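Read from first to last, the chains carry the letters A, B, C and D; within each, the first residue is number 1.
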Amino acid sequence: MNGADFSAWIRRAAELVTADAERLTTLDAAIGDGDHGHNMARGFAAAVAAVDELPEDVVPGRVLVAAGRAIVSKTGGASGPLYGTALRRAGKALGDVADVDVTGLAGALQAALDGVRELGKAVEGDKTMVDALAPAVAAYEAAVENGADLATAMQAAVDAGETGLEATAPLEARKGRASYLGPRSVGHLDPGAASTVLVLLALLDVARGEG
Amino acid sequence: MNGADFSAWIRRAAELVTADAERLTTLDAAIGDGDHGHNMARGFAAAVAAVDELPEDVVPGRVLVAAGRAIVSKTGGASGPLYGTALRRAGKALGDVADVDVTGLAGALQAALDGVRELGKAVEGDKTMVDALAPAVAAYEAAVENGADLATAMQAAVDAGETGLEATAPLEARKGRASYLGPRSVGHLDPGAASTVLVLLALLDVARGEG
Amino acid sequence: MRKLINDPAEVVPDALRGLAAAHPGLRVDPEARVVVRADAPRSGKVGLVSGGGSGHEPLHAGFVGYGMLDAACPGEVFTSPVPDQIVAATTAVHGGAGVLHVVKNYTGDVLNFRMAAELAEDEDVEVATVVVDDDVAVEDSTYTAGRRGTGATLFVEKIAGALAEEGAPLDAVAAVAREVNDRTRSFGVALSACTVPAAGRPTFQMAEDEMELGVGIHGEPGRKRVRAGTATEIVEAALTAVDADMSLAGSEVLLLVNGMGGTPLLEQYVACGAAAEWLAGHGVTVARTLVGPFVTSLEMAGCMISVCRLTPDLLRLWDAPVETPALRWGR
Amino acid sequence: MRKLINDPAEVVPDALRGLAAAHPGLRVDPEARVVVRADAPRSGKVGLVSGGGSGHEPLHAGFVGYGMLDAACPGEVFTSPVPDQIVAATTAVHGGAGVLHVVKNYTGDVLNFRMAAELAEDEDVEVATVVVDDDVAVEDSTYTAGRRGTGATLFVEKIAGALAEEGAPLDAVAAVAREVNDRTRSFGVALSACTVPAAGRPTFQMAEDEMELGVGIHGEPGRKRVRAGTATEIVEAALTAVDADMSLAGSEVLLLVNGMGGTPLLEQYVACGAAAEWLAGHGVTVARTLVGPFVTSLEMAGCMISVCRLTPDLLRLWDAPVETPALRWGR
């Protein structure tokens, strides 16, 4: 994947979170403050605007760093710094390579996950986006080790992410706004995990050449 | 009528305005601020309490003055000073006579009307309690001149008061809160005129020996 | 009814107990329903007394203190006080220089204050009365009860209070109070009704997408019911009505953007921005601006705009130190 | 939705234009969304910066001024500000003595302020951070995000602001801010939900006769939903929760009876009276009381009670002069 492919990913992610903004906000209203959809749509719109500014031949790493910076600057809320840091870390991990292969992407995804973990201090089971992102990254790496191609590995990541999202329902939130609810947070999906699946889905679309 | 009869009037009036408080308040909500029923109930309850304090053999004039003072002290709003002044003036007009006859009552009713007119500066047609009280007093006096007895004369007063009340509906208010509505006050009965009919009705009940 | 109360019949005394607990600078009698400055009477100083129905807080009790009112008499919710309260307040603040009654122009308030003034004069207290009637939503005429008193009341109480604090005589304090009233116009817009605790249901019905132009501060219906507009449209409607009655162009003004009780401060500031823009666009200089819920109607949503055409003297008196629960600066 | 706004997406800049028009003592940048004291930076003085989602007005922008905050960064309604705003505010008020960030404990606020602090330090501005977490409605634990920051924020900003105004160094200002937070507990009760302009519908549904105990200031659901009670019952529930977490008997306290935005001041005073009675009955001395809508949730009905156990020093700093749009005394 070259810079254009990564720009396509950001654009596709913006389309998906905007299309599903209502659903994300409704999930957030149940256990948070009902703004996750707006935050994601605002943040990724800013990311697209930043990516549009970049030169044609930009390297993948710079695309993700620019997108991440824009999201941090424009989103606010918990999701802004978290998604922004994830993308910036992924971009830094890619360095200056002009063409990213399956293993290169593995390193980037791992870096994104580490960034979210460090900043948010959440572990799996806390009912956060980590519950979707962590299994997705693991599944991607496993698939790559078994020689899968990009599209196949990303499909595995999305499937694992979706399973992780579903698994957040029975959990009691220990991080983020939902944690204030304690037991009352049980029985609802985590909005950030839901948006994480959408962002992974956007990358799958690009890998499939549908972005 | 002796002091006990006038005390009975005040008690009967308190019963009637309390029983109809909801209706008076609803009328006031339409063209005023929706508290006339509460004001009348509160005011006449205070009048009854004051009358209860008086000696057995109290003269009629003192009953009305005491009731009027209590209403002024406890009601507030526009109706408090107006009803209170009406009763106080009527009481003063009666002086110390121990037994009030039909003509004596005529003077008292006239004094009440004059008191309301002076204090409120309203004339007939302004859509106020004057539109019920003025014709009632006139009808009472006419009946007395034609030799009617107390009950008959009071019946005439009540009938004229009710006609006056009905006649307030098409009027545009020029005094009181309802005047702020201008044309929008048309089509509603005046709450103070409605309560005036109740107070006259209470006197009729006493005259009939039903108080 | 979502009310933070105990017994609807006890709302006023219950609130007065809270007022007493929060403000040691006030002498509060919850039973007699009188709120007096702790240092009253101040000998030689003209006393300022106001009052009216409760439900407009901080008006009037929140304006009792140095440089403003000497006493307030809160009536039942939306019902004027009774003469006994007013007489008690008047005698309590009489320091030998007489007392000014600041009365909002509602028949009930006017009549009860008139009776109280007569009774106070029987006790040799000289009383002057200023009737506040600034609401341009009401068509005025000598045959009617005239206009309602709304936002100008705050201006009158602050400015007359400052002059009284300077030691001016009763006639001068009454004169400046009338001057402020004459130079002030107000117009209110409601986005929702309000509920009197004793009644238990809203004083009027209003659809989600409607607004009441020229509403009164007791939830009385106003000039007309129209489709709800933007903040800019609402402010323009209010200022246009004010300007039509008292031309503002070229004058220096005191601006009050008043929340009616149920509208968030965030939105009151949106209205303030629109008002500032409208006034600047019409050649009006805003010398001072006050934004917040000062003259309220319980939890009614909406706002009222009051504009006072200043003179250098009035501005000086406005800026003079004041120390009350709801308005404080300079000390 | 009965909102006094123009475009829901423009509420924050529109309100900031109103804030700028009303308060010449503030330097407001509606686009950058930063509110700064006109006289900033004050050389040698520690700068105080706070911020958070909008919809809590007057918090925080209404507390910018002498003796309190040097700058505020309002985010979107109920959404934390972004690092760019915070960095701009921090550098604008840095007078060489460093800057204290007062942050309410919400993940979004904490993360955005943390990123801003790192960026500001890249520009050689020393930044200390105090995280406010006084809401006892939330069960605390080292594994969770911890308690929410609510009413204590006002106490922290006022008292730390007073110490900074005295010229104390950053570590001392940060220490007193943490001390105030440690000595304060709050509990809120909602009688109705509120509506975020961008969302257009209430954040939660509540029946007429229900109340939400331990509600958050973003309309987050609280501890539990129960049948609405009297003011006395509501206040008792709040103070019992506070007292269970931090025993109050025998201490001298600062009391805040805070309206959530949609509850009339008259009713807030009823709650204040109930609170004063409960505290007196439990051997608590109330040194100072503040009643009004200071930390709000748009038009949510209800109230929050905050109690700070004072020391002589904290009381002195509380009484020190302050001059902001929403809190002013002593000058």
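Assume a residue touches a chain if its C-beta (ideal position, glycine included) is under 8 Å from a C-beta of that chain, and two chains touch if they have at least 3 such contacts.
Since the model is a prediction, treat every value here as computed from it, not as a measurement.
Computed from the mean C-alpha positions, the centre of chain A lies at a distance of 55 Å from the centre of chain C. Distance from the chain C centre to the chain D centre is 29 Å, each centre being the mean of its Cα atoms.
Rounded to a whole number, the gap between the C-alpha centres of chain A and chain B is 77 angstrom.
Because contacts link the chains only in sequence, without closing, their graph is best described as a line. Each chain pair that touches appears in this list: A-D, B-C, C-D. Interface of chain C with chain B (complex): residues 53, 75-76, 78-84, 106-108, 111-112, 114-115, 137-139, 141, 143-145, 148, 196, 198-199, 203-204, 216, 218-221.
Against chain D, in their complex, chain A makes its touches with residues 25, 29, 32-35, 38-39, 72-82, 119-120, 174-177, 179-182, 184. Note for the complex: chain C touches chain D at residues 1-6, 11, 14-23, 54-55, 57-58, 62, 77, 191-192, 208, 228, 230-232, 234, 257, 261-277, 286, 289-291, 293, 296, 298-299, 301-303, 323, 328-331.
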